[in-house]
Amino acid sequence: MSLNSIFQYFVPKDKKVFFPLFEQASSNVVSMATILVEAVNSNNAATREELFKQIDKLENKGDETTHQIYLELGKNFITPFDREDIHSLATAIDDVADYIQGAANRMMLYNVSEINDHIRKLSELILQASIDLEKAVKELKDLRNVRNIADSCIRINSVENQADYVFDRAVADLFLYEKDAINLIKYKEIYSALETATDMCEDAANVMESILVKNA
Amino acid sequence: MSLNSIFQYFVPKDKKVFFPLFEQASSNVVSMATILVEAVNSNNAATREELFKQIDKLENKGDETTHQIYLELGKNFITPFDREDIHSLATAIDDVADYIQGAANRMMLYNVSEINDHIRKLSELILQASIDLEKAVKELKDLRNVRNIADSCIRINSVENQADYVFDRAVADLFLYEKDAINLIKYKEIYSALETATDMCEDAANVMESILVKNA
Amino acid sequence: MSLNSIFQYFVPKDKKVFFPLFEQASSNVVSMATILVEAVNSNNAATREELFKQIDKLENKGDETTHQIYLELGKNFITPFDREDIHSLATAIDDVADYIQGAANRMMLYNVSEINDHIRKLSELILQASIDLEKAVKELKDLRNVRNIADSCIRINSVENQADYVFDRAVADLFLYEKDAINLIKYKEIYSALETATDMCEDAANVMESILVKNA
């Protein structure tokens, strides 16, 4: 153990490897959410398709970052937090990216021509949660502003609650007004992917809260 | 560290803060499940609506308890179990409440007028699992009756299996007899929320089993 | 505690109890996946039904193995890995079995008469992932071939990605060509259970990766 401590003293930079990767992953999610909001606010189907493809590319980029975090975990024996938490946080951020891409993908695959207010509102909420996710991740570096991280996590939770509410209303609307069952299914699937993206932001916030709790 | 240990010596009551909160959270779930069973056994739509709204309020109350557990985790450095397990158990109990409320909410939002035997049976199973959840949580306090906790967890698992079975039969029935696709989707969604509530009870049981395993 | 340590000294074989159980659980999943592939390649509905029932029986057998792992966890205080990881890995393998059985079950319950290429492809992918799961589990015993475990995990991840892709295409096809909404829902549910089985293989791979990370 004391030998470890000595060794630790000589390689303090090991710890630093993870923060740039986490920042990269979370800022990639913000880019994806920004493009999503742009896409669902466009009236031009071709423009939307183009933007959805950009989301697809960013998701691949995110996958690489996640994989790199896993690789670094294998190589480094000094980590800033519990290895499991690093693994869980990387996975949670990757899940956010997956669901944003999943929602975009469904809009493309199902040939959805009409983007409605529910889709726009949910996309907007994803962007909000992503921005707070990025903020919190950036603060993890020094844990000096624990309050800021906790506040971002609380805001993410609140956004997730709002997304639940919008989702419920959106689905209730489908059952009230959509008479074509297949259309109803299409939209429900898209709402669901969007709403789950905010759930995944909440998962990431939960991991960060538990990091705070352990390192308090 | 040694200073912490001294401090620890003077505040052994810290540990006790969590048990009343867990009991509060689990007995709140029992109340929600009890009202759910009452609601789905009522023939009066207005009465049901009234009861569903009570479930909604209890869910909010549960959210506050969950949040208080998280806050206490941040404030206390002496915890009766691993901090992660406290966090996971609080989250799992909160998830049960979420799905009970989710099922009630869907019955309201989708204007479901006919409550059938599948819904009644699933609600009954949720109540059974919730009662065992509360029992097990109460025993966590002293871990003297490990056998009782283990038995409750086994019963929760068995209830979850029964709920799976009822869910499968219920969905098969929909595909056999429901010719209106939109109605079929509505009921499938409601069955699914109810069945997932029992899954979440199982998650809570899993966390408690892993607490037993670690503290055996 | 010191008595425990002495006892511990005399029963080093305790550790060995888990590996045969894990191998049993994972080879049971391979059997289930093999029968699934056989079933979906058969043109005879009666043969398929017979094979689906075999899957059901194997799932029950798997449940018993999982339960035995949990029991051993309670009895043994020497474990080859963190108790939590043993618990998580057992749960993840059990989940794979659950979803294979779930998919088979849905094909039976929904009276699905036509098995298509998407179902065959997804079943094939489940078998591939299961074989790699079994391989990796067998290597856990000595951790001498860490590279092999890591490679199997990477292949499982790649299979899961392929399954995502097949699932997306399959659902897009439904929306393009299936005009009967109820049929559309049936097939979507079956695709979804199959795809989730590969997700659960990925979960198991993630647990193994995190075991590697901790024991590196």
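Going by the order they are written in, the chains are A, B and C; count residues from 1 in each one.
FYI, contacts are C-beta pairs under 8 Å (C-beta built on N, C-alpha and C of every residue); 3 or more make two chains touch, one makes a residue touch a chain.
As the structure is a prediction and not an experimental result, all values here were calculated from the model.
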| item | value |
| --- | --- |
| Interface sides of chain A and chain C: same vs different residues, half threshold | different |
| Between chain B and its twin chain C, rotation from the CA superposition, multiple of 5 degrees | 120 |
| Centre-to-centre distance between chain C and chain A (centres being mean Cα positions), rounded to whole Å | 27 |
| Multi-chain contact sites of chain C, meaning residues that touch two or more partners | 181-182, 185 |
| For the chain A and chain C complex, residues of the former touching the latter | 70, 73-74, 77, 83-84, 87, 91, 105-106, 109-111, 181-182, 185-186, 189 |
| Chain C partner contacts - residues on chain B that touch it in the complex | 150, 168-169, 171-172, 175-176, 178-179, 181-182, 184-185, 188, 206, 209-210, 212-214, 216 |
